[in-house]
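Read through the structures below before going on.
What follows is a pair of complexes built around chain A, which joins chain B in one and chain C in the other.
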Partner chain A sequence: MLSGFVVALVTMAYFGLLFAVARWGDARADAGRSIITANVYSLSLAVYCTSWTFFGSVGRATSGGLSFLTIYLGPTLMLMCVGVVIKMIRIAKAQRITSIADFIAARYGKSQQLAGLVTVIAVIGIVPYIALQLKAVAAGLDMVFGQSEHSVRLLGMDSTLLVAGVLALFTILFGTRHLDATERHEGMVAAIAVESVVKLLAFLAVGVFVTYGIYDGFGDLFSRVAGHPEFARLLDPDSARSGNWMALLVLSGFAILFLPRQFQIIVVENVDESHLKRAVWLFPLYLLLINLFVLPLALAGLIHFPAGTTDPDSFVLSLPLAHGADALVLFAFIGGLSAATGMVIVETIALSTMICNDLAMPLLLRSTWLKRRKAADLSGVLIAIRRTAIVGILLLGYVYFRAAGEAYALVGIGLISFAAVAQFAPAMFGGMYWKQGTRAGALAGLLAGFSVWAYTLLLPSFARSGWMDGSFVEVGLFGIGWLKAQALFGLAGLDEISHCLWWSLLANLGAYVAVSLATTPDAVELAQAERFVDVFRQTERLPGAHLWRGKASLDEVVELLKRFLGPARAQQQLIHYARLRGLDDWRRLPPDAAFVHFAESELAAAIGSASARLIVANATREEDLGLDEVLDILDEASQVRAYSRELETKQRALEAATGELRAANERLRELDRMKDDFISTVTHELRTPLTSIRAFSELLYDDPRLALAERQRFLGIIVGETERLTRLINQILDLAKMESGRAEWTTSEVDVGAVVRDAMETLGQLFRDKGVRLDAEIAESLPPVQADRDRLMQVVVNLLSNAVKFVAADSGVVRVAVGEADGALRVTVADNGPGLTPAECSQVFEKFRQGGNTMTDKPQGTGLGLPISRQIVEYFGGKLWVESAPTAGATFIFTVPLPAPEA
Partner chain B sequence: MRRGSRSRQRLGALALCGLPLLGFPILGLAQGEWLGWPAGFVYLFAVWAGLIGLAAWIAEGRGR
Partner chain C sequence: MKKILIVDDEPNIVISLEFLMKKEGFEVAVAADGDEALSRAAAFSPDLILLDVMMPKKSGFEVCEALRADPAQAALKIVMLTAKGRDTEVARGLAIGADAYVTKPFSTKDLVVRVKELLGLA
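So, the complex of A and B:
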């Protein structure tokens, strides 16, 4: 048996640890280094697992078998609809929303009634759930101390009240430490994440101890059940209860988003949307792990304890206790305490925000007290209201627990709360995806759903607790049979939760849709509907300031900010805002629509959108925009959006086209420059022979008495130059044709060896005249290539005539070789002439570039032979190059690829 | 359009497939014993774990 001292010490130490984590988290957040990572965010979502999970799942498994899993499968599926969650987060950030009541109210025209109604539903729905946590902790304490009936007392208070007190204190310390109520509670989120880890480890420890320590694993437990036919039904999914199963999936799917604490953690406390990427699988994994041992524990408890002697909700503690594992009992107790504390802290913070902003503020704003204290700073009052609300909620929970708690098993109470918050679903989903949904529709839907919930679930639970006459459950209201609270219109065969869910959702959705379609929204509703549904399409620049028109004074608005945010924070936000607008001094801010919008959203973060709208409207002289005008503006805005999208697309197309044009233009300029170069070179080259022809012709013309021999010589020069001119023009035409792709090619099988021999034959006389030796080394039986015979001939002749031109007379040697290498035929023409420098090796292939010194020597060729040869060789897929060094002769080489071997 | 909306759509599709898999009437097929373990228990945890694995693969692997 554990001593009270040890339990108290460990509990206090644990709370101390949580508090340290929270302080550290807050300090880091203040320093701008958030500790909220994707993992911390995902773990904090596990605030979903309360003591109801920790103790109640096992209890539920002992009666409902596998159906306890639905409570965790629904959230798994819902969270995978990431688009929905991200939309909620995006809207909440854009609108500075702080609670689910604020979300619904803001969507439907910042309506105070709606905010109030949602708050009332949430409080009434959640109080039993909080009572459940108190009950679980109190029961745990009794179990640890071996007492019964909550008889652990301290200073005359029973243990449950004590627990409620400690939790209230803790929540106040955690949640309302800051004077400004607008910021996120990063420290609290970090503490919740730690609690999540602790409760998971505690539950796994008990699970492993019981499954593997007391029994011999899962298989052993399952085989023992075979000996208890009364338990065997727990292991099979029961098709007869499929309606309940599906209802619970839907219910828990709604709960993960709409329970005030889940909305707080998932939406309000979200630091970064991308954290959802982790949460979408890590949180379901957490749920899977914490449920892994539930069924084994339930079976072990049922086998171990004789029927009816031990409450199944306490198996998690009583099983290790019965086996004397005291340390484990303490750990399990801390785990259960963690589960309860986490839930109570976040839930009461969320509810207290709602109560303060949506119930207390509207009353306060109407009260004369506020009007009398016109200049006072109200931020302290806000915090006080929140703290009072926290204490109040826990007190309510305690009262509920005292009055009714014993009548229900844990799981029943939890599901009543789930069904209550499920009523938010139509207004929430409709609000996010359906612009036509109106305030009247939302009010009607919520009221209808809430009434059905109260009649079919809440009041029957009161009746069962003996608070009221139960005849409306037994025989129907006024004795009318089809008004039986839990068999409405004769719908029987479902459990009370599913029965309530289907009827209340039908009433809720029906009223919401029908009334929405029958009513017209006012201007504010219309604007808000646009901002919610189209939140992804809105740009930074379009925050809705254009939907306000009127007169405001800077002083009055600043005064408001100071009153509700506190002077320090108001100043800070004003400076920040002024800087955004490029002003050094916030006192010079113009009191225009954008400024009023800024002020309203700052106030909305502190006191909720509905109240913020009311006080801003009172402090400024707002001109009422008519419905038509708002419609026009919205219409215009969406048109502007459409136009700007269109414009963007066109602009992109235009940019692409411009790019292409620029490239084409560049290419044209290049070609133009090349053409100019070509023409100037060509004219220069043509002028050289023309000049000499003209000079010699003039000589002949001017001097009729010229000697015959002279005359003959001059005529010879003229003929030679004319021939050169003709050749030049022919080659220019040839080259131009090739470059423009208009040259005619006849491709056939060509024996390169034969071509080389023919060329040597043709030029033989030239070599003999100059006394140059011509050697040939042509390999036997070369394979034919695909080429144009005449063109190849042209190349070889060109190379040979170049060679003979540059070697010395009488001692010159030109060596021709034809062979096969690397899948190509290779022709080399080597001479022992003066050779080329490396620079010349590439220059000789440029047009009109001649070998030798053109400045001093008379040009011997046209300068087009090699460029043309290269064009020809490259046309057939080969290469032409020269290998040479000064004084070492030059070797011109070209290749012609062999046809690829046929596969 | 929106960044990452493809993985959002994949996750949404996963949820849509998960709903019938984790509910009746398909769940009713898991009756009796599979390899000595209760079929319903094995089926539910296996499908659940599979969904979580796929979600992790889509959200962490493909989203980047």
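So, the complex of A and C:
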């Protein structure tokens, strides 16, 4: 048995340690070197695990089996929606949000009613939960000292009141130690993280002791259960209860964000958004570890203690106690104490902030007392209000505990609180993602949901405790059957938590959406909706300043800051802000919209956005911005966004156009280079005959005594080269005209067979001179085509003269054929010359590319015949190509389409 | 008697150059393309080569490079003849070792003077 002295000493030492950690954390924060790392942040989230987890999970597992796990799966799933939580954090930082009540109120036009309503719901919903913690600590004390019925007494107080008192003192020291009222408490967060570690280690120690010390591991425990069929059902994930599982998942998922202490830790106390990324896996890991031994402990307790002799909620203490492990009992007690105190501290700080800012401040601001003390520093008053609220909340918790007594097991109370804060979900999520949500809608939704919650869950629990007549549960209000509190509209068969959750959320969401759609928001609501929903798009350095207009005096505003923040902190913030605007002296700050906005957000951090709004409105001569004006300004903002989007699109289009231009330019350069090459080639072709002409002319001129035969030969060459030059110039001009589309064409009906016969006759002498045979196969009665007779003649003559040029003298044969195929006339000129390689087959149609290397025939060709022929054929819609292989001769083919037959 | 090799794919130009050089008292050989030019140069071992640039099979530039790479032809004078008179081509011809670069159409008198200069006969 532990002595009271040892327990008190260890407890005091532990509290002292926590306090030292908190002091250290605060000191480091003041020095600008925050100790809140991603790990500390993640651990502090484990404030979710209260004594309800530490003691209650085991108790719940003895009756509900594995369903206790849902309470931990819900938060895991919710945290995976990182985007939602990040958005909440971003909004809270931009708006200097101090609590969940502040968040909802700020979103719906900084409404004091809404802030007040959320606060009332939170207090009513949470007080039983705090009572639960007190009960757990008191029960733990009784267990440690072997007493019963909370009879441990000190100085005439019962143990529970004592615990409440100590916790109140502790909370005051932690949460309101600072005279300046800011929204963050880094020291407290650090202490909570330490507590999270301690309670986890304590629970694991008990788990290991029981599972491996008393029994022989998991396998041993589970095999013993086989001997108790009444316990075996605990190991089945009972499918019939899946409805309940669903409800518990949703409830706990909401609770991880909307319980005031969770919102405080996750959102308000967050120093760096990136910490969340660590928490997303570290926190679920923590939950997994702390649940690892829940089922073994539950089973061990059930096996060890005869049914009904020991409260399952105390197995964590009673099991080691029964085995005389005193040190472990003490450690487990400290662990349970950690779980309870962590919850109570953060929850009461969060609630006291809400009570101070959202209930007390509005009353204070309306009272005459404040007006009389116009110049006084109110920061002390604020702290005093908070401290009073802390004491009040814990006192309420104690009273509730005393009154409710043993009405419910621990877990029951926790779920009632969860269901209460779940009512914040529609207004929160709607506020973050739905601009149309209005203040009236949020008020209606919260009231509807809260009413259903109270009627179906809270009041029945009162009735069960015997405080009121339970007939509304049994037979329905006024005896109306479908108003039975836990079977509304005849919906029976659900457990009370699921029943309450689904009905209350339905009523809440329905009222929120319906009323929001039916009402119009005012100017402030509209502006806030924009800032919340579009928080990621707000990039201005001083956001929101453009939505204020009026006259303010610097002195008056500074006076306000000093009153509510205290002179020291006010001065500090003013200097910081002035530096931000590039001023050395804050006294020279212009009292403009941006400055008023700064002041209002500083005040909001201390007293909440709704009260801050009211104070600023009273202290400055504000001009009301009409709804239309706000719409205009917001419209302007969205126009700016639309404009910049448009600009982006334009820029992309411009880049595309630039790319096209660059490509076009490249193509032009290419064409230019081709033109250069062409001119260079033409020059070459012109200079070549000129070279011969000049050389022979000079030779003749210089030597008058040249032999006559020689003279005749040279003159013949000159004449030939001159003809070649003329032909060349004519063809170049011809080609240039055709390519530029300026050639003259005389189109008429042409008999292609006759054209071919003409051409053969013209060149007949040439063939006979070289001894080349020329055969023709011209089909009879071919239809005429539309073409230019002279041009077609030019093509045929070109093909024939090429053929005769390349075949061997005497053995050469050229065959000409004219026929009809595929709606076109087809002319082929086949020779038995050397043929062309595949590469040459396409090269011969390029300008100045001459086939073969026969020196003798060179002067005859210009290298332009085939390109010109192809131009002509293509002009009439036909094609000209060559089919050939080396040594196999060449066959040039061209077609001229026949006129389309008349339909 | 100095020997001159005339290389050009234009038969009429070859005729005129052959006549011109023979009249000046040189021993003359002719070739109609790049490959033939190299084989004739080896067999005939000319003192000077009149080399057209635009030719089938091997261009005048390629022939010039091949000759300059051949130690046996170290004393050979090379005169490039071309109908393409761009500065870049002149520069290229001289860069690969041609002794002179003459554009077509050329003055027969000037060409003779030039050839004699290169052969040390003037």
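FYI, the second predicted complex is superposed on the first by the 641 of 903 C-alpha atoms of A that agree within 3 Å, B and C clash if a C-alpha of one lies under 4 Å from a C-alpha of the other, contacts with A are read in each partner's own complex, and residues count from 1 in each chain.
Rule of thumb we're sticking to: a contact is a pair of C-beta atoms (placed from the backbone, for glycine too) under 8 Å apart; a residue touches a chain by one contact, two chains touch by 3 or more.
Because the structure is a prediction, the values reported are computed rather than measured.
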Partner chain in contact with A:Met246 - chain B first, chain C second, else both or neither: first
Partner touching more residues of chain A, whether chain B or chain C: B
Which of chain B and chain C A:Leu699 touches, first, second, both or neither: second
Which superposed partner A:Ile575 touches (first chain B, second chain C, both, neither): neither
Partner chain in contact with A:Gly219 - chain B first, chain C second, else both or neither: first
Partner chain in contact with A:Leu73 - chain B first, chain C second, else both or neither: first
First (chain B), second (chain C), both or neither touched by A:Leu289: neither
Touching partner for A:Val271 - first (chain B), second (chain C), both, neither: neither
Partner chain(s) touched by A:Leu690 [first = chain B, second = chain C, both, neither]: second
Chain B versus chain C as contact partner of A:Leu173, first or second or both or neither: neither
Residues of chain A touching chain B in the complex: 65-66, 69, 73, 76-78, 80-83, 86, 218-219, 222-223, 235-237, 239, 242, 245-246, 249, 277-278, 280-282, 284-285, 288, 292, 295, 536
Complex interface listing, chain C residues touching chain A: 9-13, 15-17, 19-20, 23, 32-33, 54, 56-57, 83-86, 103-109
Sites on chain B touched by chain A in the complex: 2, 5, 7-9, 11-12, 14-15, 18-19, 22-25, 27-28, 30-32, 36-41, 44-45, 48-49, 51-53, 55-56, 59-60, 63
Contact set on chain A toward chain C in their complex: 680, 683-685, 687-696, 698-699, 702-703, 717, 720-721, 853, 855-856, 858-859
